[in-house]
């Protein structure tokens, strides 16, 4: 259990680091865009709204940096991430609250599918090496090099514009009132297909390549030769001797590459104007909406940390060596 | 040097050439407006034209330089950072190792894109070089992690101990005994970082965070996206740039594959036959 | 003639994770003589070599070079050199042999040429332009010996120099080491798990078990008349073609875990003649005549 | 009566010829020692017999007759059912031979799952406990993982696994090289007791010929992919005929008896990339003749129990 404890401590430190970076960014970088924002919305800003923006972006010079830091944490813990300028006057936390479920849904499902699919295909590609399956490698290399958002553009051009099979944008039909009805859920799924497929196709290639290489390396290990010598069935050797060991680095790799996959997913949301965090970020960027952007960064980072912790638990279950100390 | 590496290098060379000569051989000035608006590819405009009559082919040609410059600069900076942090963490051990590897793990776990978007949008004018520096600050973590692991394993190899036993100084041990054995890892780390930097840079331009004054493939897509190229069926506006990105990425990946196979002989194609069932070819 | 050149007194090494690898080891290396250190893997014999080469700091105990405390590491390694076990790992695969041999010559400002070094280990000069992977195991080990000679040391620490070589060429390398010892008047520490080679090559032999030296004396006495039960077990287990297969079964038992050594004699859990006393108190060194001693309660009445 | 006959077996590794048309016979209940150094092809020969050679190994010629049929022409499924059921292997690198992520029990039960589908689970578990007890390991180690076992214990688990289906033949590839001399003796003595009790035949592969003299009935010495001498263990030890055999036996310093200076064998072990012409040993052989560099000697019987591949032995050594 020491392994999990160490990992949790690491994630807490990382979370602290991300929050501190968020705190320091506006203070370190040149230019003071927030002050301009406040003057523009001068009339319609309440007293404490201005105060929270001052705290967030360290504008009141009279308090020391440490006090600002403490009050920054104070705001954070009460969920006050300041006001969003693009969706004025709704607070950032509310905006994120609405868009987070969409992203979690889309990203959660697609990441699991593409990891699972990639691993299975990778196992097979690695095991059947030297046969026609090897042609899969250059193809997957090509797909893994395609940027997520560009594939999204192509998907829209082909399936939404030319064949009109799928909607081109949005999370659900404009007119429909969001609620927990079957019909609404159907519409959501119908809208989610194209973005989801885009993410899976462009991210699965990475898993296939990684897993295939690991399978090739593991197949040359002694214990796989022993498994063959024991006369076990090909399937049994492939799965519980080769794949079972090859998947370990893949799982730890999975945890570490989440940060990269998240980036890609946010972009697909932009291209599809899918009402998730990515699209919100895209709007925030255009409007230089710093409170919103920093809020998105924090939330995304915390989500990635939680996902990493889950992946570590998965690794723990798969690898007995980390579970029980050596002899 | 197998077929994969050769193909990758050839493709890379092709893009490199275009990066150098692109602006000179481009038939039109990429930003110059023209009379024929939104024309599909034709003799005059191989990749067709934009909403405002600009020649897409010239934009893609000139854009190649921007992509490669930022990719390479970020790649070099990040690789230098990963060597310094990774090798010293692996070699020094103890508290320094704890600190440096925690640092690299933090940079690895934290999603790079949102962070860079914020940093880039804060900076007043984010030109190519500034973007390259910003990208390299988040791109070194993966290389550092791999290099640390490699250095740890090399550090207590007999030939390093033996060199120390003959009286070599520590810095000479790192430079002459450990580093030469890391070239394959550093090379594949560098190529991997260039891929990461290219994709990131194009993404930043596509979102409009990076300044759109100088051309690169991302800016082409930015204008295509903001002028609803899609809904007007102007496929020629966004397809070529995207294909170039994919081909460049593939070329880099193929080169990386060649390096991996050089470093890990097991990956080389071991010819026919499956493990566990030796072929019998009795003449 | 065989004056003491390197002496270790009460050398002890405990690792952070609690492993007590070496416990109070004292030994003396004389010029022109080979001292063998025999023991199973995990007995701490390699750690002793690394301690003597000052590649690893000792937890306690001291090392005396020609009677005084050694100075800077660079001067120390001019007189004490080491050869490692794995010929495939002791030469940097990236450098040609020429580089590997010229470095020590330059560091210690010796006048010899790399060609002379190769000649001293019976290798042709054209090996200088080759890479380690182009050489056989035996040839690589000879290059490693040449590198150690470059500093013109007076002490050579050989950590299992031949155990990874093919049997047929082991003696070639051992005989080379013996000639060098005689010609250059070297003091050699020979570390091995093969007690028969210790008898063949070394003048004196020390037997190590669980981080401690349990028996010592000249090789012939220790191997032909072993006193300590562990030495007897080691000799009884060594392959012996003259003995018919069905001999007395030796006791079962695992090598000691250095993590939590039992108090008293560390061999007691596996010792056929263990007495209650062995479980509790560590045995003293008992002298058995002309330099032969054993740390075992069986010889209690002749405590050294 | 022979249980396994290898005739004219040749194996290539990519472009290198690792085994040159080897003849070998294993009698029922016999321990056949296979001695040789690096590049001798002893392991390649053993793994080729049950087609376990990893790529790029290819079997070029020869037959391996077992119970009347040729193992090399069996269909994959037939060979699979025969593996471990009839021929089991104790591997060298016990450190890496056990699946690091599966418990000892799982790896033992795998054998029954593949070969004894009808055997009830309770019987399988009982058999596993019995096997561990047989090799001197307490049955509560069943659910331990390989990284929780010492080197000696891991090797004993390998032996237990090999004996699970009471095979006809057990091939031991350097079973104790990674272990200490005390553990080595315990395991080998245990192995010999099991052989006496269960009656299987053993192919014992090792570079340590003094071990073979003590533990095997007959010994075949291999050099650069060929068998150079084959004879009963004691008579080979007393009077080896092939120069390499005598040189090898003379490379082991004696622990007992008089201390005599030894020379070992000059030169370096064979390199498959450039094999010398004629007899591969001639560059290192003190009594090499012209014919030795010209033509390769063939393994031929010298008396009722011994065959040697050396021109010194054969009368037509004059013919160049």
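The first chain written gets the first letter, and so on, giving A, B, C and D; residue counts start at 1 in each chain.
Basically, contacts are C-beta pairs under 8 Å (C-beta built on N, C-alpha and C of every residue); 3 or more make two chains touch, one makes a residue touch a chain.
Note that this is a predicted model, so its numbers are computed, not measured.
By the count of C-beta pairs in contact, the leading chain pair is A-B. When chain centres are taken as C-alpha averages, the shortest distance to the whole-protein C-alpha average belongs to B. Centroids built from CA atoms put chain C at 56 Å from chain A.
If each chain is reduced to the centroid of its CA atoms, chain A and chain B end up 21 Å from each other.
As a whole-number value, the distance joining the C-alpha centres of chain C and chain D reads 32 Å. For chain C, residues touching at least two other chains: there are none. Chain B has residues 270-277 in contact with two or more other chains. The multi-chain contact residues of chain A, meaning those touching 2 or more other chains, are 130, 220, 225, 227-228. Chain pairs that touch, as defined above: A-B, A-D, B-C, B-D, C-D.
Chain contact summary for the complex, chain C toward chain B: residues 50, 53, 55, 73-74, 77-78, 81-82, 84-86, 89-95, 103-104, 107-108, 144, 147, 150-151.
Listed in rising order, the residues of chain A touching chain B in the complex are 10-11, 13-14, 17-18, 21, 25-26, 29-31, 33, 128-130, 134, 137-138, 141-142, 144-147, 149-151, 153-154, 156-157, 161-162, 168, 213, 216-217, 219-220, 224-225, 227-228, 234, 237, 255-256, 258-260, 262-263, 266-267, 270-271, 281-282, 285-286, 288, 290, 293-294, 296-297, 300-301, 304-305, 308.
Touching chain B in their complex are the following residues of chain D: 14, 47-48, 51-62, 72-73, 76, 79.
Partner chain D is touched in their complex by these residues of chain C: 40-41, 136-139, 166-172, 175, 193-197, 199-201, 220, 223-224, 233-243, 245-246, 249-250, 252, 254-255.
Of all residues in chain A, only 130, 220-223, 225-233, 236, 240-241, 244-245, 248, 318-321, 324, 326-327 touch chain D in the complex they form.
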